[in-house]
Amino acid sequence: GSDSSNKRHVGPPLDTVLQSLGRIQNSKERAKVLFEWLIAPVQPDDFFRCIWEKKPALIRRHNLKYYDGFFSTSEFDRILREDNVQFGVNLDVTSYSNGVRETHNPPGRALPLVVWDYYKNGCSLRLLNPQSFSITVWNTLSVLQELFTSMVGANMYLTPPGTQGFAPHYDDIEAFVVQLEGKKRWRVYSPRNSLEMLPQFSSVNFNDGDLGEPILETILEAGDLLYFPRGFIHQGDCLPDEHSLHITVSSFQRNSWVDLLDKLLPAALQIAADDDVEFRKGLPLDYLDYMGVQNTASFNPRRENFIRKVQELMGKLAEYAPVDAAVDQKAKAFLHDCLPPVLTPAEVDCSVYGAPARWENGDVKECIIQLEKDTPIRFLRGGIARLCSNGEACLLYYTTENSRVYHQEAPKSIEIEAEHVEALEYLLHCYPQYVTVESLPCEDMDVKLAVATMLFEKGLLTTKERLTPLTSSRANY
Amino acid sequence: GSDSSNKRHVGPPLDTVLQSLGRIQNSKERAKVLFEWLIAPVQPDDFFRCIWEKKPALIRRHNLKYYDGFFSTSEFDRILREDNVQFGVNLDVTSYSNGVRETHNPPGRALPLVVWDYYKNGCSLRLLNPQSFSITVWNTLSVLQELFTSMVGANMYLTPPGTQGFAPHYDDIEAFVVQLEGKKRWRVYSPRNSLEMLPQFSSVNFNDGDLGEPILETILEAGDLLYFPRGFIHQGDCLPDEHSLHITVSSFQRNSWVDLLDKLLPAALQIAADDDVEFRKGLPLDYLDYMGVQNTASFNPRRENFIRKVQELMGKLAEYAPVDAAVDQKAKAFLHDCLPPVLTPAEVDCSVYGAPARWENGDVKECIIQLEKDTPIRFLRGGIARLCSNGEACLLYYTTENSRVYHQEAPKSIEIEAEHVEALEYLLHCYPQYVTVESLPCEDMDVKLAVATMLFEKGLLTTKERLTPLTSSRANY
Amino acid sequence: GSDSSNKRHVGPPLDTVLQSLGRIQNSKERAKVLFEWLIAPVQPDDFFRCIWEKKPALIRRHNLKYYDGFFSTSEFDRILREDNVQFGVNLDVTSYSNGVRETHNPPGRALPLVVWDYYKNGCSLRLLNPQSFSITVWNTLSVLQELFTSMVGANMYLTPPGTQGFAPHYDDIEAFVVQLEGKKRWRVYSPRNSLEMLPQFSSVNFNDGDLGEPILETILEAGDLLYFPRGFIHQGDCLPDEHSLHITVSSFQRNSWVDLLDKLLPAALQIAADDDVEFRKGLPLDYLDYMGVQNTASFNPRRENFIRKVQELMGKLAEYAPVDAAVDQKAKAFLHDCLPPVLTPAEVDCSVYGAPARWENGDVKECIIQLEKDTPIRFLRGGIARLCSNGEACLLYYTTENSRVYHQEAPKSIEIEAEHVEALEYLLHCYPQYVTVESLPCEDMDVKLAVATMLFEKGLLTTKERLTPLTSSRANY
Amino acid sequence: GSDSSNKRHVGPPLDTVLQSLGRIQNSKERAKVLFEWLIAPVQPDDFFRCIWEKKPALIRRHNLKYYDGFFSTSEFDRILREDNVQFGVNLDVTSYSNGVRETHNPPGRALPLVVWDYYKNGCSLRLLNPQSFSITVWNTLSVLQELFTSMVGANMYLTPPGTQGFAPHYDDIEAFVVQLEGKKRWRVYSPRNSLEMLPQFSSVNFNDGDLGEPILETILEAGDLLYFPRGFIHQGDCLPDEHSLHITVSSFQRNSWVDLLDKLLPAALQIAADDDVEFRKGLPLDYLDYMGVQNTASFNPRRENFIRKVQELMGKLAEYAPVDAAVDQKAKAFLHDCLPPVLTPAEVDCSVYGAPARWENGDVKECIIQLEKDTPIRFLRGGIARLCSNGEACLLYYTTENSRVYHQEAPKSIEIEAEHVEALEYLLHCYPQYVTVESLPCEDMDVKLAVATMLFEKGLLTTKERLTPLTSSRANY
């Protein structure tokens, strides 16, 4: 995965990229374009086919400014000054020297004077979830999450010259190391055995004796990118005369087949048991005589019959597996994990967020926004809402009221009345196309307007054009 | 399953049967003999092949005294007088008339005067778990549980003449209605559809409109037995001029394949995920676009691929299924559910329970019982103990310290040292044969004596002959 | 408190004493007579005036058989054999030698063979709450609790010759050491300082260095009694050639003024705050400037004002103290702590427990017991029930359905309807006099009969004469 | 308390007042000056002597602009637009018409379009805790809390013309209604009886039938203030042609003597019980015979003795009352309730918040701030920290890391080493005087510097002059 070319790779700055995304109608498309920029000149298709989950990749750009505007130590300094950054909650002070990994967090708020003093004394600084403090990081991750359909997170690492902040270890996420300032020497090692390939959980801290030879050793410079899959052990240290700042963008934590099956299997078993009396038949009267750990060495032929029967039933389970319902459970959790979208000016204008209703000169002005039967509408973005059934009711889960701070808000959903469900499915499938209110598959015009207005006022829809307010009020409550 | 013969069936009284069981070496064999008596003249093999879990069976004996000694209203009267029977906890006062099912439990202790007054006013009395109060019921159920390897429970029902105490319903257990006194008219109905065959859970109370025609209608008399599988709706009412007393012996609650799979599947998935990287690979980036309830109508070919992949992984699961470990989880729960054994005089004599150690004339006498290398030993009964692994340690679960009251005691187990495990397996498999201490597969004689003594003192072993006490004390503690 | 006389003290055996109690009408009187026997020839009045809570007392009787029938090692041996005695729950195996106090409890049931083996190896045996296993101990304690109006408990201690089972310590209860068999040397020490006089909580284990000279050193022999108040350090050890068995009867744990005030003060404060606006007035704006630990050295005159104001309000509290309600909280807790009564044959005969209602020859016989307007009734015993208010409702708490095992049952009470309250107060105050149903202060005869019947059926009343059953049934339910 | 003068009262705008506070050295003094402005031309001393907790007061200013800059409907509109205001959490939509009080909160975020639509339809809007959204409100309340030494809160109420949003009721706080825009008619009623004077808890909603005649009826105009104590019933409604906006500033919730006694009494009792054996003596043997609700009518002379004894002990309690420790419990709770301070530019400059340490040109600049022995220091503000003992350790509680959102952060404290305690007491008492590091009462200069540096870096101290950074780093960690 190493790129040995010496060609300088040039691209637009992130601000420009983010602005230009606004011109792309489909939010999923926006995610692809932004990811393309992140890993350019590697092509996303190539990346996902040859590299993703398989091996590390180094993208060297010979362009120190490629990631300018993403994040910087100056912004970190501003955050310390202006925001309530707490040691141990948002910021970790760490060191790794002579094989000893230490954490130095004092209690309470992390003020610049104290933080920078640690830094000057050789400690590394890890800012957790910089998206809570930086709008650009928030915007970037929230766009990318539509590509990964799995939470996209980030941590910032600032390392003083000549030091290392962390012991070698592997993580449980796919990691994109975005080098923003200075340089860092990285060493990446293959998973030590097949059990540690694409692991479900992160490793402990290793020491050098646990490691073999790195499969990749390089000095990452500002503007470069290093990717490695979960399970690949890695360590990074600074050269004697230069600090390093990078953000690791991560995704695919607990997002593998086993995580889906974990939700699927109990549901499949319950359906099978409800449906197929074979599952409800009693166990053999004598099974404890030949089954169980104390009988594993027994040659009783009934063991084989018993095991065969179990396998037969397990074989049948697949027929009953409610795959879509299990996917919805994963989807619900993902929508709760999501960052809320950072709206473009156009999105604001054509949604409830830009409605002109306001207080002016002692009264409310322009508070009547009326969707009409021929108003073209669509969901605000592709990934902000999803229709799931919880057995009884049909619920629309959505991300727009999530917090920038992970899980600070409870999962958000609204219950959808039966007569509105089809309209919602229609709107979800038509995205990114606009459709008129009239075209919604509902019984009559009143219902069409009601469902569209409800979604619009909830902030989930945009109109194609900015709506013009009326002058009289709606009916009494 | 109905027996229309008019022949009187004669058998030994229960007391005699229980006593004679003591002469049978193998406790599993005892269980079969007792069950044979319970359903005589039907043969157990026939019963389990043709009737069990399939259809009701009526065993008519024309012998009012067949079940004499099992339980009686007089014993119930004695229990009310002598034991702390609590309304709502141990005794329910119920009525079902004009389609209305009511419970009349006052708070507090159920004293005869009040209980009998309810009875005289037409209420039915249900004594829950009479095994907590009657030694014969306890003994009977504790023997039978070795046949069913599933908890065997019981309830007593006393119904005044001309009344009905319960609405038609079905249960989640296999039911043996043992008619002890008087008569009762029973109507049994087939499960209403395949979903209600061998159901996992009991039904609500039905009313007549929910039912079709009974497949069995009969007047059960003292000495008769009526069996029906879970899922068969039933109701019983008394004739105008005769009360009815019966005990329903039950088993196989939550003891079907689904209950085993419920424990097996999560374990199988975890093993598969640990072992096979296919399970740990990430989900497709775009799966939320075509999977989930909102996409069930979609014709995206990726849906099929996704579902096929899920099924393929589910298919692989069977290979990883730790069937024995899952059986052990069921076994542990069963051993906790078990009644403790009612020991025969011979069992007492040859176990720690009959050890002559005692206080006499101001001092302890005969407190040294020494197993010797040639002492023949075996487990007290076949079903009282079981060796299970809990991942780390090996534990011997046992029933002898359980309570007659359901789950009043926590599950009982002792951790078995690694060097003792093989000896325990040997002892468990040799049952009902006696083996000498010497023959235990342990490193040396000291260990053999230690493990045998530990089990003997714990009350889990019997010797073939009563041991003769020594005269000097064991070493200091 | 030591009795140096050499006169042999003779008294009736406990069985005779307990039987003769039945002839005493007032249960409180019974308690006094039994206590008189326990401490004879010391007079109860003298005891409570001069010794109780003040100093140890030794009652030497030169009569080894004085306490015969209370408890014995043989009965303990029988209990081990017949009852489910659990190590650590009901029985402790202890030793104290070379200044080291150890507990040797294995897990599980305590079977005689193992228990006696510990004993032979020099371990002491402490049976907790022998009242759960011995009817005589139960009977004795349940009678005495009416004297102490505080829970009366007991532990049994069996000590091998030449050993000591416990380190020196003091307890939080008044202790009556009843020597039953053998001999024990006791050393009792005064509280070490005023803080340890009548302490709220038991001490840690001391060693000899913590102790001064004993104020009492004696060899207690069977038939003797040793009393010492809480806070008096004590230790006992056996002579080389004789074992010791004693029961310590205890009372007055958490039964002092502080325990009452603990319930009283929050209630008093709430009433004062509701009633007197002075308590609800705001704190001074500036009180944090001169009050609080950081200002204790300050000479601000406002401190004095503030403290004076607090003291003034505290002084007012006494006026609002709901003493009776707080006493009732203590009383409720005591009634929950109480052992249920062991009924005399006469008590059984004239109460619901002896009602002749029974099953006979296939039907219920004599189930109609009717209180008449001239039936003389009274409470079964003086201390078995108490009327308390819980703010809203009036509740009758009672002890008759308590368990012999401490707090195995929840507190028992019945809510009393307003129109029945006066009748209950009347019945409670009339005890031990019998009164007719007619004399109850209720609106009409129906209510009088209803309240009397309810209490009778609940087992709380006795009639003066055994009631004769009627022949027809009561009205339908 | 009504002011009938027609004189226009002029004062400086709030912004100017707040700025000028920065020139006052003592933060307690600042609080007084700000409060003076709030209630001008009434004098604070007069107010607290004659009005506070006693009666309503109307301050009419004939100056619509008096409170300009405090808050406005325009700012509320901005908050809806920019902040995450949630219905039911931060904003309530209410109405009261025809005697019916309703709440109309939908779920989720409150967006302007929807909020203003409710308003146009006659609903009132209550913004809870506007200090979480408005810096000026935050600043104002955080200054005032030093005067009240009790949490100062606020709610905003916006009412459409011709409507009323709330039913008549009384609150459990002292209320300052600050009329900001429009007009509102207020009716205030005396507490209905002495039990409702200065009540501990708010009332239910009343209807007109519950009320008598108002003692104050007025039309409050912008620039006016209305004060009423807790317990005074009040209702306000808008005139037909004008909306109303006011903020109610509140304090003294649960800040009365009873709240202090609630913490004091259990502590006093425990100390008394530890110290005085009279409290630990046993209750009389027979107290249940004459005490308790069932004996209240009894004339037993022992009742009087018992009650007298209780009162005597309660009387003694005052001697043991740990008033300062109880005050500290209240103080801790108050410090947790406090808003963090809004720092003045000068406070920033001379504290760690203005330390020049920063990232610049790839490295940390000016990160060494060194307190010297002659550096004058003091606490940042008077009320931001307090030294309390928790029995074992000495803790400094502080407010500077609290959140603007009520109790979003846990209580903040640092444990103070024994050798630092005296220095802290000295610093706390010297406020607002500056003292040199050297003057701190510590063992040696190193300790003095350590404690001062610790407090400075924690953000709790200011220096008199801005500190000049050094150029080299502190010693290694």
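When the chains are written out, they are named A, B, C and D in that same order, and each has its own residue count from 1.
The working rule: a residue touches a chain if its C-beta (ideal position, glycine included) is under 8 Å from a C-beta of that chain, and two chains touch if they have at least 3 such contacts.
Here the structure is a predicted model, which means the values were calculated and not measured.
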Chains touching both chain C and chain D: none
Magnitude of the superposing rotation for chain B and chain C (Cα, nearest 5°): 180
Distance from chain D to chain A - Cα centre to Cα centre, in angstrom: 41
Approximate Å spacing (C-alpha centroids) for the pair chain A, chain B: 50
Chain centre separation in whole Å, for chain D relative to chain B (CA means): 64
In chain D, residues with contacts to at least two other chains: none
Contact pairs between chains, per stated definition: A-B, A-D, B-C, C-D
Contacting residues of chain A [partner chain B, same complex]: 28, 48, 52-53, 147-150, 174, 194-195, 197-200, 252, 255-262, 264-266, 268-269, 272-275, 277-283, 285-289, 291-298, 306-307, 309-311, 313-315, 317-318, 321, 323-325, 327-328, 330-331, 334, 383, 386-389, 425, 428-429
Chain C to chain B touching residues, read off their complex: 73-74, 76-77, 81, 84, 95, 104, 107-109, 111-114, 116-123, 181-182, 243, 352-353, 355, 357-360, 362-364, 367-369, 401, 403, 412, 414, 457-459, 473-474, 476-477
